[in-house]
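Paired with chain B in one complex and with chain C in the other, chain A is shared by the two complexes that follow.
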Partner chain A sequence: MADAIGIAGTGLTVHRKWLDAISDNIANINTAEPMSGSAFQARYVAVQAGPGTSGVYVSGAAYGSATGRVTYDPENPVADADGYVRMPDIDLGSQMGALIMAQRGYQANAAVVDRAQDAYQAALKIGSNG
Partner chain B sequence: MIESVTQAALSSALDGLSTRQRVIADNIANINTPNYQAQRVTFEDALAQSVSQGSGAVAPDILPSLEPTQTNGNNVNLDEETLNSIETGLRYQFATQAMNQQFQSLTAAMKTS
Partner chain C sequence: MSGIDAISGLSGVPASALSALQQSSAASSSASAASASTSGSGSFATALTGAVDAVQGTQETANTLAVQAVTGNLDDIADATVAATRAQVTMELASTVRNKAVDAFNQIMNMQA
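Showing the complex of A and B:
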């Protein structure tokens, strides 16, 4: 039963990391970079189920396009001589969709912790008078 | 009375239910993991059979879930997992109460002299 709490904990960790990645992507959605470097790359969390029934863990990260969207913005301080900057290639719609998925996944795992706790407390009462 | 069929059966039920709770936690932890296939725990039928044969001791079985798989290869159904988790939690509490009553009868028997 304590296992259930630990397994839900791995789920909480994975979903929190996913939330972190999404909020970082959204925070940088308008971050312009000079043409000499790479655009801000969206971060995607790769996850994998643990062996047996041991929960889930983050197996790595994948990154979006380094080319980004080349945009004409001559007034931007980082623009090159021709007036171009690199904007990140992030789709706000899909980030917001992922944000909701990550949040609900986090809530589902938090609910498992609560329910496992009730069962654990019941187990502690075995052998007590009352 | 000590090590009776009832106690063996209750202990198997607690074991099966806690395994089920662990598997449900694993399924929910992997709710967004691509290509993850959910698992199910069964022990009730085997337990009923074992009790009818006078033993009461069974080990729970972990089987793959038969839920339909989504396009990302995942087949965790949150509604079903949540319902199962609540039911398992309540049945666990029920089994612990029954276990407690067993021990109380034992205590009562020991005090009678």
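Showing the complex of A and C:
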């Protein structure tokens, strides 16, 4: 039964995964990597609408630049001989914007669950006081 | 980009909420129609047994998820609360249909000239 509660549940799951990805990106925003390796890559959640009206699903993940921002930081223990490290190419401002969208999307789907429950209970009350 | 996805996902919900509503009301009306039209074949009993089985299934799912949630084995807390909500709505539907049937039965039993 592909009802509104289940559909909103898929939206909740997708937004929870988006929140997880954003929190991982923000947590690693200062993670320096040596020039020999690749920089921390920001994770972006790719979503896909389910068939018919079955909700939304995570279809995969996209990753940011592996080159990162090459930064001169000779004090850093992982810096190479020339003093360079790879910092992740993540914009904190856009991550915070995405964080707000993910949180509001989660809240909206939670509100749908509540409204759907109210609607079903109203349907069950039809004719009960006659 | 993903915010638009979330919003467009929401705009599709009211229509499906309505159709789900129609389905559930159709289910209850067909269940009571079956009880009125057939006698002896146990059609309403079958429908009610099926409903009770469905209620039991949703409640078992809700219980499993609730245990997983409180023991920290569940990634998505919403899965547990959504399952509990679904179990509650299914339970109320089965209980409403059953009460309607009992009301109809009592009304017939109280008939007198």
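Methods note: the second predicted complex is superposed on the first by the 119 of 130 C-alpha atoms of A that agree within 3 Å, B and C clash if a C-alpha of one lies under 4 Å from a C-alpha of the other, contacts with A are read in each partner's own complex, and residues count from 1 in each chain.
In this section, a residue touches a chain if its C-beta (ideal position, glycine included) is under 8 Å from a C-beta of that chain, and two chains touch if they have at least 3 such contacts.
Source: prediction; values computed, not measured.
Trainee: Check the residue A:Ala110 against both partner chains and state whether it touches chain B (first), chain C (second), both, or neither.
Mentor: A:Ala110 sits against chain C, while chain B stays out of touch.
Trainee: In the overlaid three-chain picture, which partner chain does A:Ser128 touch, first (chain B) or second (chain C), both, or neither?
Mentor: Touch status of A:Ser128: both partners.
Trainee: Report for A:Ala49: first if it touches chain B alone, second if chain C alone, otherwise both or neither.
Mentor: Once the two structures are laid over each other on A, A:Ala49 reaches both partners.
Trainee: Which partner chains sit in contact with A:Arg16 here, chain B, chain C, both or neither? Use first/second/both/neither.
Mentor: Touch status of A:Arg16: second partner only.
Trainee: Thinking of the overlay built on chain A, is A:Asp91 touched by chain B (first), by chain C (second), by both, or by neither?
Mentor: neither
Trainee: Check the residue A:Ala8 against both partner chains and state whether it touches chain B (first), chain C (second), both, or neither.
Mentor: The answer is both, since A:Ala8 touches chain B and chain C.
Trainee: Given the touch rule stated above, what does A:Asp118 touch, chain B (first), chain C (second), both, or neither?
Mentor: first
Trainee: For chain A, give the residues common to its interface with chain B and its interface with chain C.
Mentor: Overlap of chain B and chain C footprints on chain A: residues 1, 3-5, 7-8, 11, 15, 18, 47, 49, 53, 55-56, 101-102, 105, 108-109, 112, 115-116, 119, 123, 126, 128.
Trainee: Where on chain B is chain A touching in the complex?
Mentor: Listed in rising order, the residues of chain B that touch chain A are 14, 17-18, 21-26, 28-34, 36, 39, 62, 78, 81-82, 85-86, 88-89, 92-93, 96-97, 99-100, 103-104, 107.
Trainee: For the complex, which residues does chain C have touching chain A?
Mentor: Going by the criterion above, the answer is residues 2-3, 5-7, 9-10, 12-13, 15-17, 19-21, 23-25, 75-76, 78-79, 81-82, 85-86, 88-89, 92-93, 96.
Trainee: What part of chain A is in contact with chain B in the complex they form?
Mentor: Touch list, chain A to chain B: 1, 3-5, 7-8, 10-11, 14-15, 18, 47-49, 53-56, 101-102, 105, 108-109, 111-112, 115-116, 118-119, 122-123, 125-129.
Trainee: Would you pull the chain A residues touching chain C in the complex into a rising list?
Mentor: For this pair, the touching residues of chain A are 1-9, 11-13, 15-16, 18, 45, 47, 49, 53, 55-56, 98, 101-102, 104-105, 108-110, 112-113, 115-117, 119-121, 123-124, 126, 128.
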